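I have placed the structure first, in the form of C-alpha cells, so that the comments after it can refer back to it.
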Amino acid sequence: MTSILTLSDVNSYYEKSHILFGVSLEIKEGEVVVLLGRNGVGKTTTLKTIMGLVPKITGKILFKDSTDLLKIPPHKRAKLGIGYVPDHGGIFPNLTVYQNMKLSIKQSKSKSESTQIFELEDVFDLFPQLEHMINRLAGTLSGGERRMLGIARGLLLNPDLLIIDEPSEGLAPNIVQDIVEIINKIRSSGVSVLVADQNLPFVEKIADRVYVIDKGEIKLSGKLSELSREELEMFLTF
Amino acid sequence: MKNESLALILLIFLSLLIPLTENKYLLYLSLKIWILILYAIAFNVIFGYSGLLSFGHALFFSGSAYVLAILAVKAEYPLPIGFIAGIAAAAAFSIGVGFLSLRHREIHFAMITLAFSMMFWGIVMKWRDVTGGEDGIAGVPRGMPIFWFYYFSVAIILLCAYIIYRFVRSDIGLILEGIRENETRVKFSGHSTLKYRLYAMIVSGTFTGVAGSLWAMLDRTVTPSISHWSFSAMPVIATLIGGPQSFLGPAVGTVIYVIAQDVITKYTLYWQFILGIVIVSVVLFFRGGVMGIFERFLWKR
Amino acid sequence: MAEMTRRDFIKYAAALGIGLAVGGGIGYSLKKPEVQVVKESASVVGEKIKETIKIGHIAIFSGPFSTYGELQKRGSLLAVEEINKEGGILGSKVEIIYRDSAAKPAEAVKQVRSLVESEGCDFIIGIDSSGVVLGVAEVMPEVNKLLFVTHAATHKLTEELVYKKGIKEVFRIAVPVYQDGIMAAFIASQLPATKWACVHPDYEYGYASWELFKKTLSKLRPDVEFVGEAWAKIGTTDFTPLISSVMEKKPDGIHTVEWGVDLFTFVRQAKQTGLFDAVKYDGGYAWINPMGYSIDAMEALATEYPENCWVSGRYLWVYPDTPLNRKFVKAHLDKWGHFPAYSGETSYTAVYLIKKLIELTKTLDIDTHIKTLEDMVVFSPAGARYIRKEDHQAMYEVPYGQIKHDPNYSIPVLTNLQAVPAEEYYRYPPFEEMPPYKELYKKIVTKA
Amino acid sequence: MDLNTIAFQLILGIASAMLYWIVSSGLTFTFGVTRVLNFAHGAFYMLGAYFTLSFFALTQNYLLALFLGAIIVALIGAGCERGLISLIYGLPVPFQLILTFGLVLLFDDLVRIFWGSVPKMMPAQFIGSINVFGRLLPVFSLYLILAGIAIALVLYFLLSKTDWGVEIRAITVDPETAMCSGLNPAFLYATAFMFGSFLAGLGGGLYLPISSASPGMGEHIIIYAFIVTVIGGLGSIKGAFVSALIIGIIESLGALFVPWMTIALPYIALSAVLLLRPEGIFGEE
Amino acid sequence: MNSLILETQNLTKSFTGFTAVNNVSLSFKPQSITAIIGPNGAGKTTFVNLCTGMFKPDSGRIIFNGEDITNFSPEKRVQLGISRTFQIVNIFPKLTVMQNVKIPLLSKGRIEELENILGIFQLGEKKDVPASELSHGDQKILEMAMAMATKPKILFLDEPMAGVNPAERSRIVNLIKDLRYEEKLTIIIVEHDMDVVFRIAQRITVMNRGSVIADGTPDEIRNNATVKEIYLRGVEV
C-alpha cells in the first residue's frame, strides 16, 4: 500500500502560540485513520495544517509520497485531491443544497485520475434525504443534514483523501450510526479518510488505525484493538 | 530620544528665523505648514490614538473659522472675542458630533462624520446673509502685521501641540491607545470606552478649531472650500504619510505633503498625477509612514 | 446713444479717434491685434526695463473644471507667443507661468505668493471662481502686484473690495456677474412672458444672478411674476426632476445661468421634457441663458441648442466685427483649432494690456500703473473696454442675441444682437443707489 | 399640487436613482466580496464615459461602444486589483481609502493627458418623449429605468444562477471553506473587482447620451455612491438598490417641495439612517 | 450576610439555531476554585460571557454579592469586582507590558500597585517590552495580571492553558494557586487540560449542550460514569 499523506515532524504556530509539536503521521491508500483526542489538544489544527490554513508551519507534508504540500495554497490542495469537511459543517448557508454540491462538482479532480468517481447520483445513494431538499437553503438544514451535506460536498470533489473534522459531534445516535455507515462505504470505494474525533465508540466502528493526540503531540498510535484501553481513556477523559 | 528632541528644537528654532529672511512666500508657506501641523496633530488624537477615521474634521476647522469671521467681520466684535468664540464653537461641535457618532466604528464613523460636516457645508453655502455663501467672508482681521502674526501663531501652535502631547501621554491617552488596540479589553478593564472617546473627540475637535481660526486670520478669508469633505481628507493623507502611531508623525507628514505639493505644482500642471503616484507608493511601500521608517532603521540600531 | 454725458462723450469720441487712426494704418499697429490707449500716443521705443517680464497665470487646471484653465491658457499663451515673436515688451522677453488654483481660495492665495514672492512675477492674471478671487484680492496689496481678473465675475470684487475697501491692485477685464442678471432682465422685459422661473446652479453665482434678474425685471415690468425656482448641485447628471418641478409652476419664461458641463446636460434634458416648448413665443423662446453662447457650450451642443433662444457669453467671437477681433479669432483658430472662449479673450487681452501698460509708463512701478489704468480705454478683440476708475471694472459691450444655426459655421451664430453701450454699462458707482434702469434701458442699442 | 404631479415626480426620481444604483451596485458588490472600499470607483465611472465616447467615435454604435467601454474599464479594474489593491487586503480602511484616492488623482490627470481638459459630448441618443400623466417623460428616463432594472436582473441571474456567482457568494460567506473546496481566491477577488469596475464603467457610459464626459466627473458621483452603499448596508446589493431609490426619490420630491435644501438632503438621509440603524438598512452588524 | 459571591438563576441564552446555555443555575462560594469542563459546544464560554457581561441573557438572573447585575455593562461589573481572561489572548499587543497593566489599574485608581503586580506575575524585567514580543505563555500571564489589576473578587479564566507550551503550564498553575491564597479570590476556570483541572480545582462543574450535568468534587467527577460517558461519546443523557 502506498501512502496518501505523510506528516513528518510538523510544528504549527498561530502568531506566538505553538500548537503542534513535531507531529508525524501517515495515511495509507484506502485506510480510515482517526485522530483521537479531547477538545483543544490540536486535532483541528492538525487538519488545518494539512489544508494549509495555519499561518506558520514547519516540517514536511507529503501527498502521495511525491508532492510537498507546504508551498501549495489551499485551493490547489483541494484540486490535488484532498477533500476537507470542517467541524462547523463546511457548507455555505447562503446557497441552496444543490448549489453547495455543484460547487464541488465543478472543482472536482479530473475524473480520469480518480480511483472512484462520485457523481450526484452516487451521493444521493449515500444520502437519500438530501435528494428531497436540493432547492432548500443550506442554512435552514438541521445539524445532521448539514453534516451530511458537508460530507457529500467533500466527496463530490472526488478526493483521494477525505478529511472530516468531528463528524459525530453533537449528533443524535441514529445519525451517528448513519455516518458510520457512510464512512465505511467511502472506505470501500477506495478513498482514504482522515477523521478527527473523540467519541470512542464511534471511532471503534470506523477506524483502521488511530493516532492519539494530547497537548499538540502524538502520544499513541496503532490499531485501536492493540492499544491499552486504560491509556486511551486517560487521554480522552481526565 | 535625545537626538530626536535636539533635532526637533533645532527645527523649531530654524523656523523661527524664517520671518527674519524677509522672504514673504517662505514665511507664508511655513506658517501655513505650522497651522496644518496643528490640524493634523489634533486630527490624529481621534485617528491615531483612538483608532477612529474621521472624515468630517473640516467641520471643526471651518466651524471655528466661520464663527471667528462672522463675529469679527460681520458683527464687528473685537478679534480676541472672535478667536475664543471660534474655538469654543469647535469644542461645542465636537461634543455634539461626538455624542451622535461615537457609537459607530470604522467606515460608519467615517461616513457619519462626513454627513455632519457636509450638512454644515450645506448651511454655509445656503445661509448667505451670515456666511457669504460660496464667496465666503473676506477681510478677516489679523490684528497685527504678518511678521508678528507668525510668532503669535507659532507660539499658540507650540502651546497647543504641547497640551495635546501631554494629553496623549496622560493616563487618558494611554486608555485611548488601549481602545484603539483592543476595545474589549478596555471595557473588561473597567473603563467606559464611550467616555474616553468623547474626551478624545473634544480635544481633537477643539484644537482643530484653533488651527481653523489661525487659518482664517492668515488667509484673511473664509470660504466653503474648507468645509468641504475634501478638506477633511488632508490630515488623513498627511497622517498616513508621516505615520499615525507616533506623535510627530502627522507633523512630519504635513511638512512632506505640503512641500511636495508645492514643489510638484511648480513644475507641472499635472501635479495630481505625481501626487497620486506618491500616495499610492506610500501606502504600498511605507506603511508605517515616514516615522515608521525612522523607527525601523535609524533610532533602533 | 442719445443721452450721453459730456465726459463720456469726450472719452468715447477720443477713443474712436485713436481707434480710427490705428485702423488707418499707423506703422506697426495694423499688423498686430492691439490694445490702445487714449491718453497718450503709443510709443514702442524705449529701454529694456527688465530682462524678462514674468506673468503668473492662475486658473483651475485640475478636477472637473480644469477646462477653464485650458481655455484661458489658449488665450494668454497665444498673446505671449505673439509678443515674443515681435520682440517682446520694450525688448524684454515675456514669460508666463501657469499654476493651478484647484478651485480653492487657499491654494490660489498660496500660488499668488509663490509666483510673486518666489518666482518673481510682475503681474498676476487669471482666477476662475468668485470665492477664489475674493481671497486672492485680499492679498494683492500685501504682495504689491497687479491682478487682472480674467474670469471670476462676482460684483463683490469690484464693489466691495476695490471700491469700498480700496484695494487698488485689482482690475477686472471680464464681465461682472450683474450683467447676467440685469441685461438678462432687459431682454426679458421685451418678451411677452410674464411668469418667470429659474434653473440655476446651487451656489453663489446662481443666487446672485436670480436676485438681480428678479429685482431688475420687476422694476421694468411690474406685471411679471416669479413662479418657481430649481437649484441644481454642481455636477448634476439628471435634471429631469428639477425641470419637472419647475414646469409644475407653469412658467412661460426661463432664466438659467447654468454653464459648462451642467448646461450641456440641462439643455439636452430640457429639450426632451418639453421645457423649451413651454416657453415658446412668436419670436422664439423666452429662454435666457447668459452663458449659453460661451464657446464650450456652443462647440459641445452646436445645433442641439434650439434656435431663437436668448443667449450671451461675456464675449462673442462674432462681435464686434473689427479687424482686431477677426484677426484674434483667426489666430486662435489657427493655433488651437477652436474658437476663442470668453476667458481666452480676456486672458489674451490681459497680456496685451500689460504690454501696453509697460510701453506707456516704461516702468514696473505699481502706483504709476494704477494711475495709468484708471480711466483708460482699451481696444481689444471684444471691442473698447473702459476701465472705470472707481471700481477698476473694465466695461465693454457684450450683446445678447438669438441663436441661429448657420450651415456656414461649425457652431451657431447669433442674430438680433442687443447691447447696452459699454460706456453706459449697467451700474454706476457709488453703487449704493439703484442704477437708473429705466434710463439705461432706453440706451440699449440693437446691433446688426 | 395634485397626485399626478407627485406620481410623475416619483417616476423621474426613480429614473435618476438608477444612476446611483448602477454605480453603487458595483461599489457595494466589490466591497462585499473583497472588503475593500474603493474610492477609485468614481474614477472608473469617468473612464467608462471616456471609453464609451471613444468607441462611439470608432463604431458609431452607442450600445456597442457602451459595452466595449465598460469592458476596457473592467480590465483596468482587474489590473488595479492584481497590481495594487490585492496587496492591501486586510489592511485597515484608511489605507484602502487613501490608496484608492491616490488612484483617483492619477486617473483624473491621465484623462486630461489623453482626452484633454475640455468636456466632451457624443450625439444624443434615445431622443424624444412620451406622454405620462399629461406630462412629457423623456424616452431617456425610460431607458434608464429599464437599464437599471436590467442590471438588477443580470446581477440576480449572475449571482444565483451562474457558477461564478455561486462561487463568489461562497467565498464571501466563508473564504476558508471555499478555498478548501478548490475555489481560487485570487481569481475570484480579481474577477469580482473586475465586475464591480465593469458596472462603474457602464454607469459612466449610460449617462453619456444626455450628459458629457469631463475630467474629475467621478468626484461628484463617488460620494453619492458611498452614501447609497452605507445607507443600504455595506456589501448588500439589495440594500444598494433600495437606498438608491430612496436617495433618488428624496431628491426628486425635494426639488418639488423644498428646492432650497436639496443640497443637504442626501446627507440628512445618511445621518438619519445611521443614527437609527448603524449597520444600514440591509446591513449585518 | 450572603455566603455566596455569585449566583446564576435559570440563565438561558440562545443563538440562531441553538441554545448555548440552557437554564443554568449555579452558585459560587467566596475563595473557591471551580472548574467548568465539558465537550466543545457545551456552553462553558457562553456561561462565562454571560457572567462577565459580554452578552445579555435571554432570561434568568445573575446575582453578585446580593446585587442583581444581569443588565450591567462589562465595565460596571469590573468596577464591582468581576474580572476575566479570554480563550484567545486578549491584551494590547503594541503597548508595553507596563502600559498593559496600567490601563486596568487606572479604572480603580490603584496606580501605586503597578510594581507590585508586575512583581507577583514575574513581569518586572519585561515591563518595557511591547506585549506582542512576549512568549505566548507570558502573554497569558500578562492577561491574568491585567485581570488582577482591577482587584477582582471573582476571576474567570477561560482556557488559560490554550496554546501554552507544556513547559510553561506549570508556571501558570502555580500562579493561579498563589492568587487564590494571597488575594482571597474566587476563581472560575474553563479548561481542557485535565491535569490542570484536577490539580487546582476544588469543585468541578460539567456542562454538556448548555446544561449542567454534574457538579461535585474532583473525586466525585472522576468517578462519575455519566461524565465519562459524555467525554467518550457525547451522547444524549
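Residue numbering begins at 1 within each chain, and the chains themselves are lettered A, B, C, D and E in the order written.
FYI, contacts are C-beta pairs under 8 Å (C-beta built on N, C-alpha and C of every residue); 3 or more make two chains touch, one makes a residue touch a chain.
Just so we're clear, the structure is a prediction, and the values are computed from it rather than from any experiment.
Shared contact partners of chain A and chain B, listed by label, are D, E. Ranked by distance of CA centroids from chain A, the top chain is C.
Of the two chain pairs shown, B-C and A-D, the one joined by more C-beta contacts is B-C.
In this view the innermost chain, defined by its CA centroid being closest to the centroid of all protein CA atoms, is D.
Chain centres here are means of the Cα atoms, and by that rule the chain farthest away from chain E is C. Note: centroid distance chain D to chain E, computed from Cα atoms, is 49 Å.
Rounded to a whole number, the gap between the C-alpha centres of chain A and chain E is 32 angstrom.
With centres set at the average Cα position, the gap from chain C to chain D is 38 Å.
The residues of chain D that reach two or more other chains are 108-109, 112, 260, 263, listed in rising order.
The set of chain C residues that touch two or more partner chains comprises 61-62, 69, 202. For chain E, no residue reaches two or more other chains under the stated contact definition. Screening every pair of chains for touch gives A-D, A-E, B-C, B-D, B-E, C-D. Residues of chain E touching chain B in their complex: 52, 73-75, 78-79, 83-84, 90-95, 99, 102-104, 106-108, 111, 146-147, 149-150.
Taken together, the chain D residues at the contact with chain B in this complex read 37, 84, 87-88, 91, 93-95, 97-99, 101-110, 112-113, 223, 226-227, 230, 234, 260-261, 263-264, 267-268, 270-271, 274-275, 278-279. In the complex of the two chains, the chain D residues touching chain A come out as 163, 166-167, 169-170, 172-174, 176-185. Listed in rising order, the residues of chain B touching chain E in the complex are 171, 174-175, 177-178, 181-182, 184-193, 245.
Of all residues in chain D, those touching chain C in their complex are 1, 5, 8-9, 12-13, 15-16, 19, 108-109, 112, 116-121, 124, 127-129, 135-141, 207, 210-212, 214-217, 219-221, 251-252, 255-256, 259-260, 262-263.
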